[in-house]
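The structure appears right after this line, and notes come after that.
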Amino acid sequence: MFKKILIANRGEIAVRVIRACRELEIATVAVYSDADRAALHVRKADEAYHIGPAPATESYLRMDKILDVAKRSGAEAIHPGYGFLSENSRFAQACADADVKFIGPTPYSMEMMGSKTRARQEMEKAGVPFVPGTSRGLSSPEEGEEVAERVGYPVMLKAAAGGGGKGMRLVHTREELRSALESAQSEAQRSFGDSEVYIEKAIVNPRHIEMQVLADEHGNTVWLGERECSIQRRHQKVLEESPSPIVDPEMRRRMGEVAVKVARAANYTNAGTVEFLVDQHKNFYFLEMNTRLQVEHPVTELITGLDLVHLQIRIANGEKLPFIQEDVRIRGHAIECRIYAEDPDNNYFPSPGKITVLLQPSGPGIRRDSGMYEGWNVPMDYDPLLAKLLSYGTDRQQAIQRLQRALYEYFVAGIKTNISLFQRILRDADFQAGKLDTGYLDRLLANKDNGGPLQAPESMVAAIAAGLFAVLDPASAANRNGNATGMDTLRSNWKHRGRSEALR
Amino acid sequence: MVYEIIVDGKPHRLELEKADGLWECRIDGREIKVDAVIPRRDVISMLVDGHSYEIKREQTPTDLHLWVGSTRHAVELRDPRSLQSRRAATGDEKGPKKLVAPMPGRIVRVLVEEKSEVEAGQGIVVVEAMKMQNEIKSPKKGTVQKILATPGAAVNAGDVLAIVE
Amino acid sequence: MFKKILIANRGEIAVRVIRACRELEIATVAVYSDADRAALHVRKADEAYHIGPAPATESYLRMDKILDVAKRSGAEAIHPGYGFLSENSRFAQACADADVKFIGPTPYSMEMMGSKTRARQEMEKAGVPFVPGTSRGLSSPEEGEEVAERVGYPVMLKAAAGGGGKGMRLVHTREELRSALESAQSEAQRSFGDSEVYIEKAIVNPRHIEMQVLADEHGNTVWLGERECSIQRRHQKVLEESPSPIVDPEMRRRMGEVAVKVARAANYTNAGTVEFLVDQHKNFYFLEMNTRLQVEHPVTELITGLDLVHLQIRIANGEKLPFIQEDVRIRGHAIECRIYAEDPDNNYFPSPGKITVLLQPSGPGIRRDSGMYEGWNVPMDYDPLLAKLLSYGTDRQQAIQRLQRALYEYFVAGIKTNISLFQRILRDADFQAGKLDTGYLDRLLANKDNGGPLQAPESMVAAIAAGLFAVLDPASAANRNGNATGMDTLRSNWKHRGRSEALR
Amino acid sequence: MVYEIIVDGKPHRLELEKADGLWECRIDGREIKVDAVIPRRDVISMLVDGHSYEIKREQTPTDLHLWVGSTRHAVELRDPRSLQSRRAATGDEKGPKKLVAPMPGRIVRVLVEEKSEVEAGQGIVVVEAMKMQNEIKSPKKGTVQKILATPGAAVNAGDVLAIVE
């Protein structure tokens, strides 16, 4: 087994990997930027090295500095986490060149899956089901019109190198197609330096369901169940669960088998995720493969009882998978909330800053993977994911109940978080009925939040508490009068505006 | 002790007196006995008529909020004897409004020029934080008196970005 | 479903039941003594009522006061937790008389199991396997000698009303028997007001393994797997796990079926635990039935994916069990540590007082059920259980690894806890090999603790940290010089003595 | 700054100096550069030569312990310029010893009489706490000079129960 692993990441995922390493008695090496000296991953690692200023391009994305730390510290392997360099095949190659094991797939598999059109070509050869459309970039507007005619409107234009909704256009009629194609191509060029755009039949109100796979370096590949990821805002996943409310064992087996076929076709090794679009008739279509550990991997861990990071490390170490497909036992239901530093009352503006109070849930059925602590200053330089709160239950209803209970216990002051958003989702009738698709969250947010059951005497209770705080904790009361000038009014005005905008 | 306390815009008058280890509260004409302890900073546990309330305090340099359960209440506390807080309370509703940064970040772009006319809700400055670009919008219809934001500069929460008259 | 439940308990179990109620949208009523106004269960409940001074006999054991609170608050049911009134059949009867549902078995079942000799008589009728011996109190020393001769020495004398090792005597030869019987009888009389003593063949180095059962009020009874509880100190369980390292599926099924037979013979309803002694040949003998939720119930929850408190409440509500025996799916491995306020370096003296720093573990595979918080003053009036830390793993090895990692993250200052004891157990070779019996912990503690791998530079690191704390946090440095007089020397002397005694 | 620090009975001399955001430590003749931050009260994160140490502080009225990982170290800190701490440090090893309550509790029984001879390790007083009875034992062989414990009385941690000469 490796004696030392470098974790080329930060935040909750770095902490999660450090924990796995400690469990396996592997020493850990953290890297950190100027903004992260006091971050939890630095505190928890056995070693920690500074790699540059706050901007990721000058620190967490600097392959040379990270490989230099690996060399200095004697780390034998690098876990890239998610984001940053995790899907960068050049980094995987650079690790191999430096004789450091990259804990993930080979550069070859990463490259194949990195280009959507190339992936589509390879997967079509392997007989993987696709949304009808082209498997390569459009050479002309005429070709686009012809394909669109064949698959039927509405169609979706997508950038080959795309991600995050950039270079995407939904086209309803032939008349719109030409100008949409031009603008998608120029956006793709601007965003990715590559104007290649392809066309697909648009699936109306699809679900986004993905399948976890795991492959060792000896040719064994298994699937570990699906994750329902349809709840998204601005193409970012917000809440994930497993099993999906619509997937039965037969459909799960079929999706799993396709996912394994995808992985095999890419000579895939280590942990990966095959994403599918699912239409209203439960047809599923290959979307893309994520060649890394996903943010939402814990929901699969909870329903299978496996530890994916342990298994990633063992696979990278050359071990065989310790089980076969038939041994995988899916039991119960798991849901994950991504706790972001953002303000639900203010158009989801990011909310970095100092965490002044932090009360964290625990107890039956609750897992918390967190990168924050009370007193920590959440930097403004990175993505706003603070922690993941998960629940496990005998069934979906119990998982929802336990998660609601845990969210009730969760309290973060000093910065804003989206905890209230999850409370809203979990009490929503459509969510409880499992009626989900990728448009679900936009529809929910378009409605006015009734704020849940409102209790009349609460305002009086708050007033009494305010007085008692002032009497019993006068130090803080003094502090209160400190900066309170006219800005109060300004801020709250600005807030009300933000709030009413969010409700449009 | 007497306080004037505004909760979500609604004023309450609160009198507090300690008796027999309990707090006798007179609020809006009602008399309520409260058993209160502070188990940790910014958390108060109150027992009122058998009901157990745990109220959490969120204190920023500019705002005070109290959370009762999962509900957040904006609170302003005024000691009627204090002139200073009374003055603050009368903050002018008209006149120039400051556009402040809602979070620390970096100025990406300024979308209007000084002296230009803007609508309420029109974007004025774009601030980047946590990999997201966020348009900070005008609080009112009017004229941009002054722009204090410079592209590339770092700002803190509460920093004034512009003034709209 | 009940609208409101009173929890007649305190500490972590009261918090655990309150959480279950919140999940089921049932309002909760806490009760508290003078010592517990700031306790976590009071903070977390919807309602809380004071029931008297600190001593349990004047508060948590006062049936009249608790039933009075139930009436005042309108609680429809009472959950007794464990300890206090949980196995008191008179309390169960008083609840029934007051028309409040007692969440547990009937007074009839509790009484039958409350007397060890009566339970033995009933269970022998039902064909439950017993350690050879008498099923009723000895009428004379001669009868004792005769039975001992028949079953073979060594034999164990036990008080019929016993518990906690009181009135128990191990007898190796005929010569010792008479005086041992006399002293056991008089100790039983002193401790329980009942001198009845019976005799059993002594099982040398037995394991203590128990089986969880669940029975609804419609005649359905299931077993949910065993718990290995052999690690005990002074007859108090310290660490529990499931599955037991020696129980295979066939033995589990046989134990489960006997446990169900026991429950049926007692007309048992709700959650209960059948305790067995297991000898070195894996023969198992009925020991007693605990007619309540056990402290260690979460290990069963983790391996079955069920919530026993939810199910207790549903059963008490008259619902049928939502599954049958064949639906119960045991997967993975779970271990529980009971975190006590006691000083492992000082002969396990209890350690109440103020918790000045509390760092709590979380992350993959970790469940924490806790009744403590930073700043809380642990009262001296109740038992020292502060929290339960559990791990779940794919297998026993992973459960151990995860628990070691979590214990490493756990830090409590201001009072002493037994966290270091668990670190010692978990790294012990016999424990890792599953070689356990009820004498295991005494043997472990009889050896000198090597303290795990010792790192030489640590002392220098501590010295530097002490200096930097003094510079960076001078407020606390001032505090340090406060009381530091000659007592330092006295205390540490006393400590060293305690330590060397513990090691004898 | 210069400190004399005793860790688990072993003395170290520590010189601290801040330079370029780091702490230059001279300890027992070695020079070590340390990057230190206090992420929360009673916790210090130190980076030494790439190694990351998180040290936790446990401060009671009478003792100071620092935890490096899961190992607890008894620490005494002396500022050599302070006469007071030097005097404290020389605390008499002989002479009368106080028997103190190791935890808050209630006196159940006193097992010996004043002026009686006791062995080292002999039980003197029984204190009950958390449902357990705990025998507090003599720190030395000698004579019980004085018994300050009264059955039934509550005691706090550190209260003197008896004096053995």
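Couple of notes before you dig in:
For reference, chains read A, B, C and D in written order, and residue numbers begin at 1 within each chain.
By definition in this document, contacts are C-beta pairs under 8 Å (C-beta built on N, C-alpha and C of every residue); 3 or more make two chains touch, one makes a residue touch a chain.
The shown structure was predicted, so the numbers you read here are calculated from the model rather than taken from an experiment.
Common neighbours of subunit A and subunit D (chains touching each): C.
By count of C-beta pairs in contact, C-D exceeds the other of the chain pairs C-D and B-C. The distance from the centre of subunit A to the centre of subunit B, with each centre set as the mean of the Cα atoms, comes to 32 Å.
Taking each chain's centre as the mean of its C-alpha atoms, subunit A lies 40 Å from subunit C.
Put simply, the C-alpha centre of subunit B and that of subunit C have 48 angstrom between them. For subunit A, the set of residues that touch two or more other chains comprises 408.
For subunit B, the set of residues touching two or more other chains is empty. Contact residues on subunit C toward subunit A in their complex (touch as defined above): 15-16, 19-20, 22-25, 298, 301, 305-307, 309-310, 329, 331-332, 360, 362-370, 392-394, 398, 401-402, 404-405, 408. Residue ranges on subunit D touching subunit C, taken from their complex, read 1, 3, 5, 7-8, 10, 12, 14, 16, 23, 25, 27-28, 30, 32, 34, 36, 38, 41-44, 46, 48, 53, 55-64, 66-77, 82, 84-85, 88, 91-93, 97-100, 102-106, 120-121, 129-132, 134, 137, 139, 157-158. On the side of subunit C, the complex with subunit B involves touching residues 29-30, 37-38, 42-49, 72-73, 373-376. Only residues 35, 37, 39-40, 45, 47, 50-52, 54 of subunit D touch subunit A when the two sit together in their complex.
Of all residues in subunit C, those touching subunit D in their complex are 341-343, 346-347, 349-353, 356-357, 359, 380-384, 407-408, 411, 413-414, 419-420, 423, 451-452, 454-455, 458-473, 476-477, 479-494, 497-498, 501.
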